[in-house]
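Here you go, one structure.
Letters are used for the chains, namely A, B, C and D, taken in the order the chains are written, and counting of residues starts over at 1 for each.
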Amino acid sequence: MFADYSMAELGAIFAMQGFAGLILFSVFVLMALGLAIIFGQMGVINMAHGEFMILGAYVTYIVSNIFAAYLPSLFGIYFFIAMFLAFIASGALGLFIEWAMIRHLYKRPLDTLLATWGLSLILQQIYRSVFGAREVGVSIPDWMMGSLPLTDLIEIPINGIFVMVLAVSISLAVYIMMFRSTWGRQVRAINQNRVMAGAVGINTEWTDRLTFGIGCGVAGVAGSAFTMIGSTGPTAGQLYIVDTFLVVVFGGAASLLGTIASAFSISQAQSIMEFFLSGSMAKVITLLVVVGILMIRPQGLFALKLRK
Amino acid sequence: MTLTNYMNRKELLGFLILAAVIFIVLPLALDTFRLNLFGKYLTYAFVAIGLALCWGAGGILSLGQGIFFGLGGYCMAMFLKLEASTPENTAIQSTPGIPDFMDWNQLTALPIWWQPFHSLAFTMLAVVMVPVVFAFIIGFAMFTRRVGGVYFAIITQAFAAILTILIIGQQGYTGGVNGITDLRTLLGWDIRTDEAKNILYFVNGALLFVVLLIAQFVRKSKLGRLLIAMRDQEDRVRFSGYNVANFKIFIFCLGAAFAGVGGAMFTLQVGFMSPTLVGIVPSIEMVIFCAVGGRLSILGAVYGALLVNLAKTTFSEGFPELWLLGLGGLFIAVVMAFPNGLAGLWSEKVEPLLNRLISKTQSAEAANPNKAPAE
Amino acid sequence: MSDKGKSTDSLGMSRRAMLAGSAALTASLFTPKGLKAADYPTSEVNTTGLAVTDDTVTVGILHSITGTMAISETGSVQAEKLAIEQINAQGGILGRKIEYVQEDGASDWPTFAEKAKKLLVNDKVASVMGCWTSASRKAVLPVFEQYNGFLYYPTFYEGLEESPNVIYTGQEATQQIIAGLDWVNKEKGAKSFYLLGSDYIWPRTSNKIARKHIENFMEGCKVVGEEYYPLGHTQFNSVINKIRLKKPDVIYAIVVGGSNVAFYKQLTAAGIDPAAEKPLVLTISVTEDEIRGIGGENIAGSYACMKYFQSLENENNLEFVKSFKEMWGDDIVIGDVTQAAYLGPWLWKAAVEKAGSFDVDKVREAQVGIELPTAPEGYVKVHENHHLWSKTRVGKALADGQYEVVFETADLVEPDPFPEGYQ
Amino acid sequence: MPERFILSVEDLTVSFDGFKAVDHLSFYVEPNECRVIIGPNGAGKTTVLDLICGRTKATGGTVKFKGMNLLDMREDQIVHAGVGRKFQTPSVYEDLSVFENLELSYPKGHGVFGAIFFNQDQVVQDRIQEIAETIFLADQLDEKAAYLSHGQKQWLEIGMLLIQDPELLMLDEPVAGMSVAERKKTAELLNRIIQDRSVIVIEHDMGFVADIATRVTVLHRGEMLSEGSMDHVQNDPKVVEVYLGH
């Protein structure tokens, strides 16, 4: 396969392929972080995660149209505002859903799965009624498209860099929130012992709601970012759901670090296999390997050993 | 030990009513087209019954029942496709005598693993055994390692995704995204005629009752009680000397076998099989059939499958744009307001009401001695 | 209850606009023959119990308006409704107004089969305009053959089929592929091709025909890669790197749906600007409809091989685009399949009038050889294999989401659903 | 192979992420002995029972029961070998009746197909009746376990163990949370059922311990602190230190 190429060319290709793997990694991290917060910390299965992402994407679409129409001079920076608003919109919807639905179901995790699946159907239909069945094209500021030529041979997509930077910053933000803020301490306290946490004066109800909201908000930001690399349509959220869940479960549900490690290993495996095999087979093999490992090690990559 | 241990009078009445609905009311009330539709809905009931056992009784939620439905359906479709692909029917192909999609994909000979499907006996065995073997592999790997609950649900869902991608990707062998279509005869008997559809409906109904009776037997056996015990206190069951994994594997395999039979009947009645029945979405819909009917009740599962599908057809004919809202709302309503589904509604609301009415009339009769005595 | 529409439509169309559009069309489409229903007694034109009354005839529209395929099929529904409106405005068929029953296939093949059966058995529709994916057509085909229905199928597809109960108004694979490949070879000097597709039958069959044509009929040309990704796949960076490694002259892309959007966005972002034509991007799966989702700036400079582009500058098309926009709004775009769907009701009308009957067997007989000089794509004719003779065109994508037509075949290309030498 | 001890625990160790919950623990139980394990909270008492019955996997050491190495066996195999375990919180099947609770514990029909075709014959019914009388629940046989009082649930769980007829019975705080009257009845019940089998009991109630114990083992931070008769351990300065020293 490589006989006809010079070393420089091969080096360049592998560098870019490594980069492609990193982009995929960032995409997985963005997809999975919100879910990891919700699933890992609250044990809630949010099957509507993809639809929360798409809400962020539609917010971005609306904001881009507003800027194009009224503030064309600021179009170059609209994306940041859009991401912020995406966070707010998805987060607010998340707060509402937690209040209306999820909080009644904490003792029945499998039922949250079904109820949120119902929610995802409803959201899809709402998107379809509001934005139409067709995909919408989100215009991206020029500076974010195109690529950065590092050498003659190596070109790095700018939106890839953007996604990577975003993934790192959001991971950091989540890390700081979880491990440095009062909220984070409360969430972890509740996760470990709900009754006790309530007894020492933590408002468990509000903390739960906020956790769910933040998880959904992060999904919204991810959806906003994905307008650069993917499609925005009523059913686009479904494309992400299986991958996302596998990343979280594979990482070990209780661990954010695990989520990141699992995103890394799955993305690298998939990206390398895609390079050497055909696309469909790469996907099947990746999924099979992940599921196979999960069968041998159901607790995922990272899991604390606990006294029962 | 008498039969009443396996079915009390109330349950017997429930079975008889369902039998009357399936074998008398529906055939009399509906034309062949609608009856065939109901036949299709009833094939989902096979899956829902399996789920009522696995999920309702055993607490094992599988989001991959579409896998087993699909495997059963594909086995049947392979047999029918081979029968439809006679050299005469496929004379225009480069290789006559093999299924058309194989010819389109440059296959020049029937793959070896298709060969046994020339035999109906083998196919009927495969319809049950292929899903069971799959379920056994998944169940063995997961349950002996004590994977359960949410993890099990997600991993089965991943399997459904994998199988769909595989079927679509290997289109030379599986018909790809189109599925296996244009099925015509079963041992020379044309399954597309109205008469055949009517007969298939009754065969389907009869098989459904066989499955229902098996399910009832299992539920009423000690194994049924063990499932409930496991759902509530898995450790206690273990320390009463049971190998919990084996029981879970068994019930999961049983559900898979039911689903396989349902899939085969689907293929026969609808006339094709396609990967859209294998994937994540149909698998979750099958769970909702069960949930709507009442996850604990096997009869409820049948009604759930019938009603949800009837609603789907009606709504999507009348208000197609609203259908998803309705279905989504149904999911949420069932989970939040009626966790025991229709069966729960019946036993919690309707039955007490009926009892009250009956006792009222009785007391009214008692209060009115002039009327004819009650007995 | 079904969505029964008469000549008005509830979906926000201005009645006056529609009338104006139809009036304009009357001039260019068929000259109304002033056929009166009274001249065609129902008992004579309908001997098989179809839903034909003294002043109406019912047809079915069967597309997905929910689910993943709704994105693609919406345009076809709109086109079919437009054609029906216009036909009605001209006095209908044999003096009878067309009514339609619309059913939702819900992007689910069994549902398509179920609804097809409902249309034929319960509603007894005289013909059906519908289906989009091959899978849905394969699912309904046995139903149409069993109940002797008549389907107008609008999508360009892989061929390998010729049903007496279907008129294929889109192109089969060879009509779409061969001329385009020859053109890039001749005009652009392309010698090496990288074939890419979504993983299902149409891209695979099309690429098979493309490969055979490249290897057997195009001198010195070769295929340097062929690859398929699952439907809905959204990550193409690895394959883009592979393409870089192979340095093909042409990326031949048959990616569909949401994957399309991801593919072109990532291609541009990776520094492969289609406009630079290094490599050149040639597709048969991106119509104007898809570009809206992809974003014109991401695909500008790519080439698409179709039979119809919205920008075609013939009178028929100008009229068609005008009335389409009047009916469905100014920001609408019209893709290849939408136009093909628009042909369905017109072809059926012509056949019914030629046969003087709604009976499917007579319509089928009359249909072959029907010519439609008024089609937006230009003159078309029904081949005896039930496909259309039509031209193949190559368009270059512009940033505004339209195509600039850069090439069209001189003659109509003969449909060849079972091409010799390509199997 | 004749052995002096029915249960030999040697060098048993388990660590959770570096924390040694049980640390090189050895003790031996003789046939028909009633061994009581005491110790302050977090001493590792419950963990020891978990290790013996296979609920927790040991990091090191051996547990031999009648010559079989329990650490290599699954929970159900350990049960079949003759070890019964009662949990600290009553764990009964709340959705099933008392009768069904006992039926499921009857040592027959433990395979999948055995369970499906399990026959409630007269022998089974008599045995259930007998056990129900022993545990004071003969009148509640058809009641759902969920409706029993806390003490009754504890008795039911003990009954579920009795019906298995284990050679080694392990009870984790059998009288915790009981009323005085219930406690007295339970002591009586336990005294009756420990007669012809070996028993390991975890208990805090010293009066109760003194009443039933043959020997007492005191655990502290996963290690053995003292072992011997009740008198012996009560006078052991190390034990006094641990219980009163802080």
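Just so it is clear, a contact is a pair of C-beta atoms (placed from the backbone, for glycine too) under 8 Å apart; a residue touches a chain by one contact, two chains touch by 3 or more.
Computed from a prediction, not measured in an experiment: that's the story for all the values here.
Centroid distances from chain B, each centroid being the mean of CA atoms, peak for D.
In terms of C-beta pairs in contact, A-C outnumbers the other of A-C and B-C.
If you average the Cα atoms of chain B and of chain C, the two centres end up 37 Å apart. Mean C-alpha position of chain B lies 44 Å from that of chain D. Our note on geometry: chain C versus chain D, Cα centroid distance of 75 Å, whole angstroms. Chain contacts: chain A has residues 125, 128, 280, 283 touching two or more partner chains.
With touch defined as above, residues shared between interfaces to two or more other chains in chain B number as follows: 165, 168-169, 321, 323-324. Of all residues in chain C, those touching 2 or more other chains are 65-66, 199, 228, 230, listed in ascending order. Chain D contributes residues 53, 55, 74-76, 79-80, 84-85, 87, 91-96, 100-101, 103-105, 107, 109-112, 115-121, 157, 160, 164 to its touches with chain B in the complex. Per the touch definition, chain B reaches chain A in the complex via residues 55, 61, 63, 141-142, 145-147, 149-151, 153-155, 157-159, 161-162, 165-166, 168-169, 280, 284, 287-288, 291, 321-325, 327-332, 334-336, 339.
Residues 1-3, 65-66, 102-104, 106, 108-111, 113-114, 117-118, 121-122, 133-135, 138-139, 141-143, 146, 158, 160, 199-201, 204-205, 208, 228, 230-231, 418, 423 of chain C are the ones that touch chain B when the two sit in their complex.
Contact residues of chain B toward chain C in the complex are 31, 33, 36-37, 40, 92, 94, 100-101, 103-106, 165, 168-169, 171, 176-179, 181-184, 192, 270-272, 274, 276-277, 313, 316-318, 320-321, 323-324.
Looking at the complex, you find that chain A touches chain B at residues 43, 45, 101, 104-105, 108-111, 113-115, 117-126, 128-129, 241-242, 245-246, 249, 280-281, 283-284, 287-288, 290-291, 294-296, 298.
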